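Shared chain: chain A. Partners: chain B in the first complex, chain C in the second.
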Partner chain A sequence: MTASPPLLDVRDLAVAFDTESGTVRAVNGVSYTLREGETLGIVGESGSGKSVHVLAMLGLVPRPPGRITGGQVLFRGRDPEGHDQARDLLAMPERHLRRVRGAEIGMVFQDPMSSLNPAMTVAAQIAEPLRLHLGLGAREARARARDLLDLVRIPDASRRLDHYPHEFSGGQRQRVMIAIGLACRPKLLIADEATTALDVTVQAEIVALVQELKREIGMAIVWITHDLGVVAGIADTVQVMYAGRIVERGPVDAVFSDPRNAYTLGLLRSLPDLSRDRAGRQRLRQIEGSPPDMRHPPPGDPFAPRNPFATPRCRTEAPPLAQVEGSVPGHLAAAWYDLPALLAAGAGR
Partner chain B sequence: MSEAGLSTAAEMAAPPVAALPPEPGALRAFWRRFSRRRGALAGLVVVVLLGILALGAAWIAPFDPTATDWGAVRAAPTLTHLFGTDEVGRDVLSRIVYGTRASLGAGLTSVALAVALGLPLGMLAGYAGGVIDGAIMRLTDALLAIPFLILAIALAAFLGPSLTNAMVAIGLSATSIFVRLTRAQVQAAAAEDFVEAARAVGNPPWRIALHHILPNIVPAILVQATLTIAAAIIAEASLSFLGLGQQPPEPSWGSMLNTAKNFLDQAPWMAIWPGLSIFLAVLAFNLVGDGLRDALDPRERR
Partner chain C sequence: MRPVKPEPLLSVRSLSKHYPLRHWWGGKSSVFRAVEGVSFDIAPGETLGLVGESGSGKSTIGRAVTMLNPPTSGSVAFEGVDLASLPARAMRRMRRRIQVIFQDPYAALNPRMSAGAYVAEPFRLHRPEMGGAERRDAVAGLFQRVGLDPRFAGRYPHQFSGGQRQRLCIARAIALKPSFIVADEPIAALDISIQAQVVNLLQDLQEELGLSYLFISHDLRMVRYLCHRVAVLRRGRIVELADSDTLYEDPRHPYTRALLSAVPVPDPAAERARLRATRESPAAVLPEAGALEEVAPGHWVARTVGV
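Right after this comes the complex of A and B.
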């Protein structure tokens, strides 16, 4: 699609957890690419593997019980000599990976209340990646920390440097987390449910801030969420995950207006539609059933047991992720059934 | 008393006590919560007074604590000898004042030793896990199976009678408490989100342990240390009572009690004052420890 090689190239990533009651296959062969400067929204319910696969790429899944059972994650970052080169994060020794974490890939976590160290000033926490990766001294790092607080629009930055996290509001703490994530100007920022724990108005502020920062810095973003509204607002590409697989992926407009996987449709239908008038009031549709037990995933399409459109083939054979015919290039879906045709015929009402 | 003070370690282990940031606002808030408790405040006053006595003993004590006066053997309290004299005519008040040194010194030194050994071992066990954790914890469990005082007596007897050896014996006996507490606190702290965030920033494990986990477990260690000082004071008094601690003629509350027991009918003041001193010192440290715990408890914020 583009001439330049991708920033991130995930190939067939698989992650499993060994538990006492069996092996949980949390991620099962996830493959995708991310261009420089692209914003990818990853959606799915809890346990879909959306967070775990990202933590696994960065070596943050505790081992044991976690285990990377296969795949490659090629990230085009600076190698030790300072050249841009695609290297497999999964094959890197831990001490090399530590130089990628926080330096070339920044991370923002879900709960800003607990993700900041209560016993450290925000200046010390923002300065940490700068001192670790750029080798800055205390004074320089502090000056940069103040600039970063400015960057994430925290008023009166110089005075607030020596404050502790409990003196900041939830939204401000998430701004501090973003400042830490962006401190070393990474090529990629991963936000793992970064707005989930915040009030709706604060969520909007954080999303707006990230969009502004993206314009200023130009990093690529992987935004993991279960909030489709946020994805619609922020992402270029959306990727829907279910049971440790990608079930649909493509440009946001294409996927949201013309979903081809029944799970994507279910997610979209579970959203309230504010544009409807009162007379057309509609019950929110929930997706029946519950996610599969990943110790014993069903054969075939893992969503088939909950899928009103499932065909006999769905129950025996897992569909591949393939280009959707009649949609824009890059719109991929995993389905044996033809969702638009079924909907037109009145199925699944 | 000592058993009660020690058993709190296990109960405290579960929730990590909130951090104590060295920042004026937070310190003031901490002081407000602490000083609201009258018992804690009273305990702190006694501890400070005992500290002054120990440091200023040479100026405060009216007599040389080892000087004998055969003209006033087992004399009842008078204006000259406010607390009376002992079986060789030494001034009991002066011996109590100097005895503060042995008691506080033993309490502080032995607990410092216990923390110095227990904290690194506990952090290693809690953070490294696996075989290292197993080895350290089995050894700790074995030591914890022996009652604190019995272990201290055995060690002191093995090392030979002297105040220094008594301190070492008490310190070694108390180490396992700190290993266990530190390990539990480290494990609780290591599961916190901010530790994962610290890893995501690229911190190496040693930095996470020292910069991110340690500051967050200090309050819990501080509380336990204060309570253990009380237990160590009793232990020192017990060892000295048995002749395993401070050696005569140097004064110690425990050894004073030992001689006093022979003269309970004729000279009860010889027993009352050291007994009261031990009681006060132990009570004071326990009150301060309880106050610290309450003031640092995140569930009782505001």
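Right after this comes the complex of A and C.
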């Protein structure tokens, strides 16, 4: 472990939405750090806060109804004088934040068709951040845009520059989005369900592309997804979120092979085994119940009502995220119960 | 030369669905072949998986075999009766036996109809002789059967979670005791923690009611788990059809191989190895699919055209 300060340091971030039927506490005290060049996979389902917390730290949550109710997001980027400095994104004026977004933090979202402007050529859209943030002239920006299309492996880039988004396939549009996200060589790329809408073969291409670009550019990545398989392949660290909290986090090998939170275990066990033939298969191990209504989250550990391993304490007191005993450093879990001991004793089938 | 199993419940032969593409200036018109010459059987109690990428024609086939969007040509025989030639009245009766579950349960539900009324609707339409009390009992039974509390019958769709809404759709689909259900991406819109619940429910219902399913999905992992046989579709044609163990263990068509090798594995070491292997092997050039050929009993692979 190096002692260099983290690239991103999220401290106790909390986000709420005011709705007609009450306040939704979408993010409840999320804290984590990201090293330079690290790939963090964030897994969770809708309502887990995985997307909202990222939007909040980039100043992209509409206010109202959204509110940031607490926390700091320290990002070590360039200050206006060009020095590396950790600054709180949440306290930054919008005009500074706009520089950070796009220039230092690139973003790729799920649906490229609704993120791209249908009335602008891709050259103009890739050139926009280059001209805005790097002050490049029209000709330079166009040349860079062509290089970027090359970089994301779109064949015949020079000719494709003047095409409009509808002239590209779904996978190619997502490549264009990645080109825009990487245009200013950001230190951090945030991909939110970037391959969810794509076919599995196209997803494989995009994942491979991002891996290659990471080797070439060396940026850190936050990859938000509900697909445990994608995370297994590309992430250094995985973070599982449920009901606005981090319930488990650690090196990807440790978390997948030795999960300590019951929700993580439930997710891993509910997937059918692709290599298991039908004769040898068992009934899928399902997680009972539904994700909580975040307007009225249950007291204590929000997963407790669905958790076969829950203890009485789980129902009254939310467990802290703490270092797991007997696992590698940095493997953190929020649990009052000792999952390996319970499993060894035959609990939960 | 077609895949045949004894006494099929559903028998689809040379099914095609074409859409005319007319040029607005009145020039030559052409057709888009969404589905071309597809044949398969589904036995009673069997689940046939239909996999392929978006635009491959999966949903078009689902809608064609239920006559929701009848095929351009080819035949669909259900229990030996050709559905295309059925008069409207007889087709309506047949609809009790054939049901559909869609991807987005919220879109399939009527926001102003209570859950109980929604599940009871098939009885009102097809079993008008049923009394109110009998109908309420039947609805309560269906709620229980799909794992919903019958006391929720008075609630409206927005008061249910995504998984519960899909359970409502399933309750309605089984109300008239069908023998065949087309499930078109039934878990794609559900949270991961809910997908296994719905798949287990579909499987329990199959065992209890002897249902046959046409399970349309892009989730290759779930398809292997749930389906007895699988057909791989590409550009409107079947490129491979086999029982699922054979298809996943011994895929013969290059497209099937490409599809299966693209599925991420939720095991870090294995998945990293898979990504490395993919990086080192260049993507195969995929040939056009021709007629199906039986390479082993029950294992059909499309001949390649122009190679």
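By definition in this document, the second predicted complex is superposed on the first by the 346 of 349 C-alpha atoms of A that agree within 3 Å, B and C clash if a C-alpha of one lies under 4 Å from a C-alpha of the other, contacts with A are read in each partner's own complex, and residues count from 1 in each chain.
The criterion applied here is as follows: a contact is a pair of C-beta atoms (placed from the backbone, for glycine too) under 8 Å apart; a residue touches a chain by one contact, two chains touch by 3 or more.
This is a predicted model, so every value here is computed, not measured.
Engineer: Contact-wise, after the overlay, does A:Gly29 reach chain B, chain C, both or neither (first, second, both, neither)?
Structural biologist: neither
Engineer: Just chain B (first), just chain C (second), both, or neither: which does A:Arg285 touch?
Structural biologist: second
Engineer: More chain A residues touched by chain B or by chain C?
Structural biologist: C
Engineer: Which partner does A:Asp199 contact after superposing on A: first (chain B), second (chain C), both, neither?
Structural biologist: second
Engineer: Is A:Pro305 in contact with chain B, with chain C, with both, or with neither (first, second, both, neither)?
Structural biologist: neither
Engineer: After superposition on the shared chain, which partner residues are touched by A:Gly70: those of chain B (first), chain C (second), both, or neither?
Structural biologist: A:Gly70 sits against neither chain B nor chain C.
Engineer: Which positions of chain A sit in both the chain B and the chain C interface?
Structural biologist: none
Engineer: Note which residues of chain A are touching chain B in the complex, please.
Structural biologist: Touching chain B from chain A are residues 58, 60, 95, 98-103, 107, 109-111, 114-121, 128-129, 132-133, 162-164, 167, 177, 180.
Engineer: Which chain C residues qualify as touching chain A in the complex?
Structural biologist: These residues of chain C touch chain A: 53-54, 161-164, 191-197, 199-200, 203, 218, 220-222, 224-225, 228, 244-245, 248-249, 258-259, 261-272, 274-275, 278-279.
Engineer: Given the complex with chain C, which residues does chain A contribute to the contact?
Structural biologist: Contact set of chain A toward chain C: 45-46, 170, 199-204, 207-208, 211, 226-234, 252-253, 256-257, 263, 266-268, 270-279, 281, 283-288, 290-291, 306.
Engineer: Which residues of chain B touch chain A in their complex?
Structural biologist: Interface residues on the chain B side: 18-21, 23, 25-26, 192-194, 196-204, 207, 211-212, 215-216.
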